[in-house]
Amino acid sequence: MKYNIPADVPKNKEETYKKNLKSATNATNHLMLFAGDQKVEHLNNDFYGKDIPLEDNSPEHLFKIASRAKIGVFATQFGLISRYGRDYKNIPYLVKLNSKTNLVPYDKQDPYSKAWLSVGDVVAFAKESKLDIKGVGYTVYLVGAYEHEMLTQAASIVHEAHKNGLLAVLWIYPKGRFVKDEHDGHLIAGAAGVGAALGADFVKLKVPYDKKGKFNPKLLREATMAAGRTGVLCEGGAKTDEKEFLTQLYEQIHKGGSRGNGTGRNIHQRPLQEAVKMANAVYAITSQNATVKEALKLL
Amino acid sequence: MKYNIPADVPKNKEETYKKNLKSATNATNHLMLFAGDQKVEHLNNDFYGKDIPLEDNSPEHLFKIASRAKIGVFATQFGLISRYGRDYKNIPYLVKLNSKTNLVPYDKQDPYSKAWLSVGDVVAFAKESKLDIKGVGYTVYLVGAYEHEMLTQAASIVHEAHKNGLLAVLWIYPKGRFVKDEHDGHLIAGAAGVGAALGADFVKLKVPYDKKGKFNPKLLREATMAAGRTGVLCEGGAKTDEKEFLTQLYEQIHKGGSRGNGTGRNIHQRPLQEAVKMANAVYAITSQNATVKEALKLL
Amino acid sequence: MKYNIPADVPKNKEETYKKNLKSATNATNHLMLFAGDQKVEHLNNDFYGKDIPLEDNSPEHLFKIASRAKIGVFATQFGLISRYGRDYKNIPYLVKLNSKTNLVPYDKQDPYSKAWLSVGDVVAFAKESKLDIKGVGYTVYLVGAYEHEMLTQAASIVHEAHKNGLLAVLWIYPKGRFVKDEHDGHLIAGAAGVGAALGADFVKLKVPYDKKGKFNPKLLREATMAAGRTGVLCEGGAKTDEKEFLTQLYEQIHKGGSRGNGTGRNIHQRPLQEAVKMANAVYAITSQNATVKEALKLL
Amino acid sequence: MKYNIPADVPKNKEETYKKNLKSATNATNHLMLFAGDQKVEHLNNDFYGKDIPLEDNSPEHLFKIASRAKIGVFATQFGLISRYGRDYKNIPYLVKLNSKTNLVPYDKQDPYSKAWLSVGDVVAFAKESKLDIKGVGYTVYLVGAYEHEMLTQAASIVHEAHKNGLLAVLWIYPKGRFVKDEHDGHLIAGAAGVGAALGADFVKLKVPYDKKGKFNPKLLREATMAAGRTGVLCEGGAKTDEKEFLTQLYEQIHKGGSRGNGTGRNIHQRPLQEAVKMANAVYAITSQNATVKEALKLL
Amino acid sequence: MKYNIPADVPKNKEETYKKNLKSATNATNHLMLFAGDQKVEHLNNDFYGKDIPLEDNSPEHLFKIASRAKIGVFATQFGLISRYGRDYKNIPYLVKLNSKTNLVPYDKQDPYSKAWLSVGDVVAFAKESKLDIKGVGYTVYLVGAYEHEMLTQAASIVHEAHKNGLLAVLWIYPKGRFVKDEHDGHLIAGAAGVGAALGADFVKLKVPYDKKGKFNPKLLREATMAAGRTGVLCEGGAKTDEKEFLTQLYEQIHKGGSRGNGTGRNIHQRPLQEAVKMANAVYAITSQNATVKEALKLL
């Protein structure tokens, strides 16, 4: 398979970059990202409550899933990787560099999520700890008083990642006072284009809805085309029915042109064994070219 | 005893980190933190007034207690350690890196408490002064316009502490306009998860109350589980009856799963001898596995 | 031809600077800048919709045009150059260093567009990737709370570019609450003077309109004279009729004293072959001293 | 006399620190600080007007007094020291690192006074110029949007001063919208505690008043005790009757426990000879253990 | 003539400093500053319009005047010096380091003018380009949310200039919401004192008016005395009658104690020959001790 290597990956890091991209995508260029950064983004809402198994309340649940299931990368904060990494050395990690809480509504104050640590910190950490860190992630909120800071950090993080042969994934969400519909397909295509202009390898986006609030894979094509060589990952969202989830995932890729997904709650809000199976099913569709039917057999 | 060493502690600092953790917790992994940072946080309210012995008004009172009592660490500002350290070399210190005053109400202006000095400053100071500095502390207020700065500083401070074999303790408090109940158990569990994502060794939290405003150790379990490998320290709060205080402390640890406490006023708002005894009692329950009855005998 | 070399181009970079200026302007000192930074500035509005060919939705459309047409420089973000550069090595690039989205109206919040990367990053990238990068670009919004940041960054970027023998192009737009008419000739002349004071090689400006909202080349003379040795590039604006566009371009140069143009939508919002021809026509008038008649023959 | 040397004064700077402290305090540990930073803080109000001798309008008046009178240190801005220093080499200087004007009322906008230069600049300057610089000063306003910046700068300045063997004096004033009474004794004691936590050698504070607005030395004891090993300097305030001023100064020290004073207007708003005598009288009480009677003889 | 050399000019730069001061002031210590920074400060208002000769619209007009007339220094932005410097090597330059536009009224938003480049950039540029750069300039607006930034930058710029043997000129203007009368003599004297405290060699100030809005040289004496060893330069202001202008200039120096002037519009808003003559007349009074009568003969 031919990889599109960004021009800012230096010669002596090309092999590292290719190896990271190949192993993270199972040589399909499609990425299954297991999203585990919600301990900050949603505080404890996603991990404790009605219909959530108690074991999900422990951060270790995420690491158990990530180490036993087939996944592309497990995206979570540096601190959690640091605390559990020595016992979970087989996980392919992606360090999510920024996070914010959900305490302030987006329309009350423009959101700003700042990088907690630098790419250089991650590179030094990977070298010292020998953990398998394949890339870094960063969220950009398009809007308002801090957009410029996040765009600048994102551009710098992508570039620094590439200079070190790492993958760079951006979460890009238009938000706040001036955004009427976060699921508008044209707006999401705009975010996709921003991800491309920032040089990201993958950009995680909201899923576009039609006027009735339904996902329609055709709407997604504007975004996946606008993203160019940057792969679009669709947000997993709140937990739903397995078949519905996997069918939609399949359509995102095969009809909408996405190149993967970022799934959290639909995996970790289950007992360990079920969660591992669900992750495997998501991986099968994303990075093993499975059909929905084949994937459902894994559950 | 087996210690969970974070992966960002480099090989050549593992022994230092283990030694700091072992001695600070009496090899129990439970930390008794004697909190002495209120000269800034509460100005002089905690040290002078009705029912407070006059001697508490002098900062040296804290050092006298810390040097004569059994404690895990004495947490206070760098400047006080600098002014009294040469005469109190036997104290195990934790440098509280940030502090703010209480002059502005939290709902009038989003709080920001910035690190006064860097971890590097502390490391160099420890080396030059030969004082026994076991770790650093930092407060994060979750909310508002400066949350991003405090999260970034906290992540950086924890990582720098670990790189130098020091312990990192975070005080994490959701605050301000958008927080309705600071003692809500689910919210506190969210703060615990933030502490875990930041990689802290210990996180100091508010105590959860039930709807009647009473402490219930069961409510605490959500937070201590959500904190994962990060130990939860319960805030000591305002001075109360000894027996009640120690009983609650015992329940926090044995029923609520906390791994220690941060106690200030309940210790230092007493004459020296009494304060030393109270500190010893708190230490006995926290780090010597004593019962409430055994602890009460120490008073 | 004699070039006016800025005094902050050091001796050992004079040849590089001259070569960049000569090749970018076809030795005419007039620059045809193919503007391709709108994926961020206008999100997906310029690339997808009624009357826009579907192929324009892919970022690669811009690179195909730029590599097949005659152009001075192709201005776009670093990330896009990075993702497509290895396959489009013949394009003369100008890295647009800052961009912002259009989500927030200018009168609701003072605009701030911050440099995503430094000139040093660009210089190192050019050396490593061997791409033909002739210069850098930066937008300054004159007005409001962030004007000082953008003026400072602009001055620094121009100076750093010159120190490395690169061209520096500034986009300068008075905007927002206190600007009544962005097309006022006297105001645009003010922006031109700011560009001169910042030391830019070229400054991209709005086109001045008379009181009826019509372009009048005489009005432009105030700005082109005020710009001094900094060349004025007129903004291309929304797509219009070819003849009208080329005629106006000719008048801008020959009657208004401009030294080029920055054209985006009037080129890329066409199928590839048409787009290439239109670019060639714009280039002919700008940098080959063609008449409108001669240029129209190229379509 | 035994000096309390802060633990952050390194071994190789202990002698320098002791020498500075000893000479500045005449080996009494009590500091007479001649305050001359009002050219910025109060603009020209303190130097020109009714009842002020014309010669006070020239900055040199301050230098003449400082060079002829007995003083502990003369505190003023770097720029003035730089302009007059070569002609006034015998003055013991303290560089006041920050200043702000009084144009904006404290309740209209939270005050921020930022360090103009670094301690490193001062150290290099002292070495190059051979001027006798004994320390640095910095004002902290407790309150509001910039408190965190000033606390951080203050902590850093104190630490940097100590690392270089210099004295550090902090001016600490709670101010603004949320402060009802700047002369409240309990609030001033809080400021004293902040000074201690910042590690200052001396902290300049407002004088506490009773409910009738009268100074009462007993009220001062809360602050001087709360300050611990940090010496309290009482603000001199507006010019008053000599006997009243000196009596109050004596009571501040001998009944209130202060360790000196910061006096400006009560000295410099007089003709040179009178000013020198007044400074000598203030010095006598502060650092020569004189009685009020003895001091009055010097006038 | 004896020069007052600031103590922060290092030994090895004393000769450079003296040479710069001597040549800029024609050994009189009085400075004629030809002000040419208005292309940003006033946009194109000063250069194009009724009663302004067309040639003034080109930036080169300023360089032509500066190279043919007798002047102390020509103050303008780095970018203009960079673009014209190679052709105007005989001009004594002063690099005006900051500038802002006039688009936002001072009472709508607190002004902030930030340094575009550093003194280090200027020093390196002077060395590389061999241009005759005698000093740097910087504007401080006293008031509001950014005063602290401008005071800090000004102090640092003056100090860095001196360390390199360069002159430092500050423009200091109280402005905005809280300033009732910018021409109040006592307020201007306050600004003068700030300039002295910042260590400037010269400070450019507004001219004080009496209650009828008339200049009165006696009012100026408060400011020139308060400025101490910092020389006061009076602002030239809008273009007026030659005799009136020169008479006022003479009175400013000989009755008001100013040490020069900063004149722009009264010089450059004339055809080249007249402008050169007017500059020569201003120079004659300022730095050649001419009478008004003698100066008028030069026109």
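The chains carry the letters A, B, C, D and E, assigned in the order they are written, with residues numbered from 1 in each.
By definition in this document, a contact is a pair of C-beta atoms (placed from the backbone, for glycine too) under 8 Å apart; a residue touches a chain by one contact, two chains touch by 3 or more.
According to UniProt, the chain labels map to these proteins: A, B, C, D, E = fructose-bisphosphate aldolase.
Keep in mind that this is a model prediction, so the values were computed, not measured.
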(request) Provide the C-alpha centroid distance between subunit B and subunit D, rounded to the nearest whole angstrom. (result) 35
(message) As a quick test, compute the distance in whole Å between the mean CA positions of subunit A and subunit D.
(response) 56
(message) Based on which chains touch which, is the overall arrangement a line, ring, star, complete graph, or other?
(response) ring
(request) Enumerate the ring members one after another: first subunit D, then subunit E, then the rest in ring order. (result) D, E, C, A, B
(message) Please output the residues of subunit E touching subunit C within their complex, sorted ascending.
(response) 37, 39-40, 43-45, 47-49, 54, 57-60, 76-86, 98-101, 103-105, 108-109, 112-117, 121, 125, 128-129, 131
(message) Per the contact definition, I'd like the list of subunit C residues that touch subunit E in the complex.
(response) 4-8, 10-11, 142-145, 147-149, 151-152, 154-156, 158-159, 162, 174, 177-179, 186-187, 189-194, 196-200, 222, 225-226, 228-230
